[in-house]
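Encoded as structure tokens, the structure appears first; notes follow it.
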Amino acid sequence: TDGKLVVSDREGNWEFQPIGRVMWDAVNADADTDNSDDDVKGTELRRARLGFSGKIYDWGYKFEADFAGNDVSVKDAYLGYGNKLTESTKWGVKLGQSHIPFGLNTKISSKYMTFMDRPMFADSTVSPARESGIVAAINDKDYKWLLSAGLTNGPLDGDGETWDNNGSTFAVRGSFLPYNEGKNLIQLGGGYLRQGGGDNFGFTPDLVSHDDSFKPVSTGSIALEQADAFTIDAMGVFGSFHAMAEYLDHTAEPETGSDIDTTGYAVEAGYFLTGESLKWSKGYTSGITPKSQYGAWQVAARFESVEIDPGSSLEDEYDQFTLGVNYYPTKNTRLMLNYSKVTDLTVNGSGADEEPSAVKFRAQAFW
Amino acid sequence: TDGKLVVSDREGNWEFQPIGRVMWDAVNADADTDNSDDDVKGTELRRARLGFSGKIYDWGYKFEADFAGNDVSVKDAYLGYGNKLTESTKWGVKLGQSHIPFGLNTKISSKYMTFMDRPMFADSTVSPARESGIVAAINDKDYKWLLSAGLTNGPLDGDGETWDNNGSTFAVRGSFLPYNEGKNLIQLGGGYLRQGGGDNFGFTPDLVSHDDSFKPVSTGSIALEQADAFTIDAMGVFGSFHAMAEYLDHTAEPETGSDIDTTGYAVEAGYFLTGESLKWSKGYTSGITPKSQYGAWQVAARFESVEIDPGSSLEDEYDQFTLGVNYYPTKNTRLMLNYSKVTDLTVNGSGADEEPSAVKFRAQAFW
Amino acid sequence: TDGKLVVSDREGNWEFQPIGRVMWDAVNADADTDNSDDDVKGTELRRARLGFSGKIYDWGYKFEADFAGNDVSVKDAYLGYGNKLTESTKWGVKLGQSHIPFGLNTKISSKYMTFMDRPMFADSTVSPARESGIVAAINDKDYKWLLSAGLTNGPLDGDGETWDNNGSTFAVRGSFLPYNEGKNLIQLGGGYLRQGGGDNFGFTPDLVSHDDSFKPVSTGSIALEQADAFTIDAMGVFGSFHAMAEYLDHTAEPETGSDIDTTGYAVEAGYFLTGESLKWSKGYTSGITPKSQYGAWQVAARFESVEIDPGSSLEDEYDQFTLGVNYYPTKNTRLMLNYSKVTDLTVNGSGADEEPSAVKFRAQAFW
């Protein structure tokens, strides 16, 4: 009855599910530079994933690969185990490649993001998404509190391997609900990340679109000795309204030279005009089901800022806002319209004239 | 009961379906040149696709990628909406990458083609198949008439993007059934295509096989100012017999120099020895279901011709016939044997001696 | 009830099944050389496959591709037919790419291997796995004897084609059960392989891990005139115990120079501590179903040896043993721990000092 296929036996001892998502984007981005080649205008298959997930008794597995760009990129690929620890607490462990426990915007599935792009610091070298290794969690049975830790060895690279990554990553994240009445809730969370050395490090965020060629804000590239980062985040859902905020501080220690400090934050709020309430599941947002057969409408706004202090030179910074309208024809389809504009751009300590902006449209489905 | 898996609820409000096809070819092609390296002989995985399609109420989606050649090529990837316009007419729109409405042979699915290869002008730069953008259609509820238009931005390229394609494509196709008695029918159709400039253009058809290295007929490569093309086509099914004809005229206007005019046509006829009748669905052929548990047999023949008038130099032309025998063990499997021979080859205005020919075999299944 | 999804009609006339497997490895290999870069340490997605298989009446098809390494590699892709020959014998034929009938360790599915890696001579140029062409078999209805032959044209290469492979491969394998009481059985088998010329040939086995960079044992690379190989193998299952042995002799005849003779053998034994018995299906091992809800435990050991006699120079050889512990939480999941060590290494006729070893861990699931 809900457009998803889950095959299971009557006792729920096993489950099998084909999974996937398609996101097709049309983008018109104005870099606001003197070079019109910096502008991007066109269409793109942003995500195109196929996979399967299943569980048998307490064991589960998931495999999903992305084929956007006529290329293969393995996303989740793990074997997992989960069970009760006590009457009211559960624990679980995943072996393979999965999301490391760090960051809120990075962890929220692209199926459920409020905007077409995450804040530009999320799902990046300063807030990495999936890595290969072991991730363990303990949580309240209703996920009212959650503590998760990962010991990983970098993402599976072009060879599907991590051999070249000498550095290990340790990540930990906790979250809890200080307030929860029905569907209304407030969640607070925080995380810590340590990345070992041996690899190069660089962070050069896109500004207004995934395909920016104008990327003036950058740490440059360094040989990494080690890096530390932490995030704190808050999320609230009150009826049709939701708000979310995250702050990230990342410090990269080069083998030689001064530390590079990257800070970023993002604040968003959204409202369903048609009365729906954002679902929360296991510590993260999880989409909606439209109340009406004509679908659901949501309006949303976000402000984000990234500041890079390279130590040895002057700072880079950008401030950006994004406005969005989402139309959910059904539970698993969505049309999105976003407008993003950089309001302040600082490069090497001095204000730049460019104010890049973009209009972006997405049609998405998942199953 | 039919070898296809479609999962749906009882009311038909939603559907979910894994889709795919495998085509394995063995080819022995004689280029008839002095260089034996021009001959091709071997086996090939021609198409190997996996995907999913689904619908929820009036919304649908489809994603299918091809993995033949140990490479990824995204084919269909769209979100669609369809509904009634009046009691007797329907309309629909697709966002993403899908077939543009142009050409008959290009649009017929490779699952249902009569021969192993389309006429060499179909599914090419002069009759493009899938592009990224928007395609809309209105039609009689039984598809007895159909009008479809697309505004697209080129195919998703190696990056899964269309950023580099400056030119937009506008395509329109209409078809109707002047005669329809039971399963017997005649369909007439036509289409128009305009391709914007900004990209290079070239058309160098294969002759007798998908892997030809001897390709003497060619427009060369030019910087395109714009191009216009039209097709007219007719199709008839009378019991076990079917016939199909298509004429294409494509004119490419270079940024400098004279227009390049490409014309092509193909005429085919087929007959089921075992009494089946070719299915027609939504304006295109759609396979058969064997009457006997021992399968169905079809014989078929095609004549095709392509002529390239480059304006500035003398013409290239080839004429070719293809004979085919198809055995359908079941509805969704087929063995095919084709013999193709070029009967006339003209290069730069003078008749060439080569008469390339090929024997081709295919084993295919789809689901 | 068993974690696998097979969709079929009530009469069993057709079936449709999504298939796949994920294997995630963590490896710590010590090459024991002076160069620490020869050691490999890290994680890897060893196999990550998605596909579908189905059958309709007597016709079947299978398509499966591997996406490990963020790359596509088509594995099985064929259309098959099978039927009874007499009351007690069956026959079948496969068109497309499938396993050629040669070798025991090469043919056993990676889902069911006792150890993480096959003996290093299996699934290699001296004992090839999948090729494109035709494979036919006749067998007793219970597979108590089996005779299979293949005529193929090399594996589908990077282009998904075999055009460049001039040489054809002829392979034949037979096996029978001289003893079979309940689940206890002894199987004897043998095979013959002839590879045509026209291609380069080389065999340079890994020693202790799939990602070895230290590979001192090698035939070098030659232009192949033709090659012949044979295997003999034996397998026994007695309650919770199993044993398996295979001997391979491969002779490559270069276009110029002396023959290169490669011989290899592997002997393995395993025991289920929890009372399970290895399943045998159609001539090969086929996993287990744990008796307890807490899973099954197996211990196993293998000794293998490869010797290369290049004719023109002195011999290369390695001897290696592997110890393994397998934990099967459920029928289709497994955790594996392997320790491998080279006990004897001879390069160009003289004993080498290096004794590479590796500790390897795998988490796997299939469906």
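As written, the chain order gives the labels A, B and C, with residue 1 at the start of each chain.
As a working rule, a residue touches a chain if its C-beta (ideal position, glycine included) is under 8 Å from a C-beta of that chain, and two chains touch if they have at least 3 such contacts.
These figures come from a predicted structure and were not determined experimentally.
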Margin query: Taking only the C-alpha atoms, how many degrees of rotation bring subunit A onto subunit C, rounded to the nearest 5?
Written below: 120
Next item on the list: Compare the two sides of the subunit B and subunit C interface and say whether they are made mostly of the same residue numbers, over half shared, or of different ones.
Entry: different
Next item on the list: Compute the distance, rounded to whole Å, between the mean C-alpha positions of subunit B and subunit C.
Entry: 40
Next item on the list: Going through subunit A residue by residue, note those that touch at least 2 other chains and give them in order.
Entry: 18, 50, 71-72
Margin query: Which residues of subunit B touch subunit C once you look at their complex with the stated criterion?
Written below: 1-5, 18, 20, 22, 24, 40-45, 48, 50, 67-72, 211, 293, 329-333, 335, 363-365, 367
Item checked: Interfacial residue positions of subunit C with respect to subunit B in the complex -> 7, 9, 13-14, 16, 18, 50-52, 54, 56-59, 61, 63, 65, 71-74, 77-79, 81, 95-97, 132-133, 153, 156-165
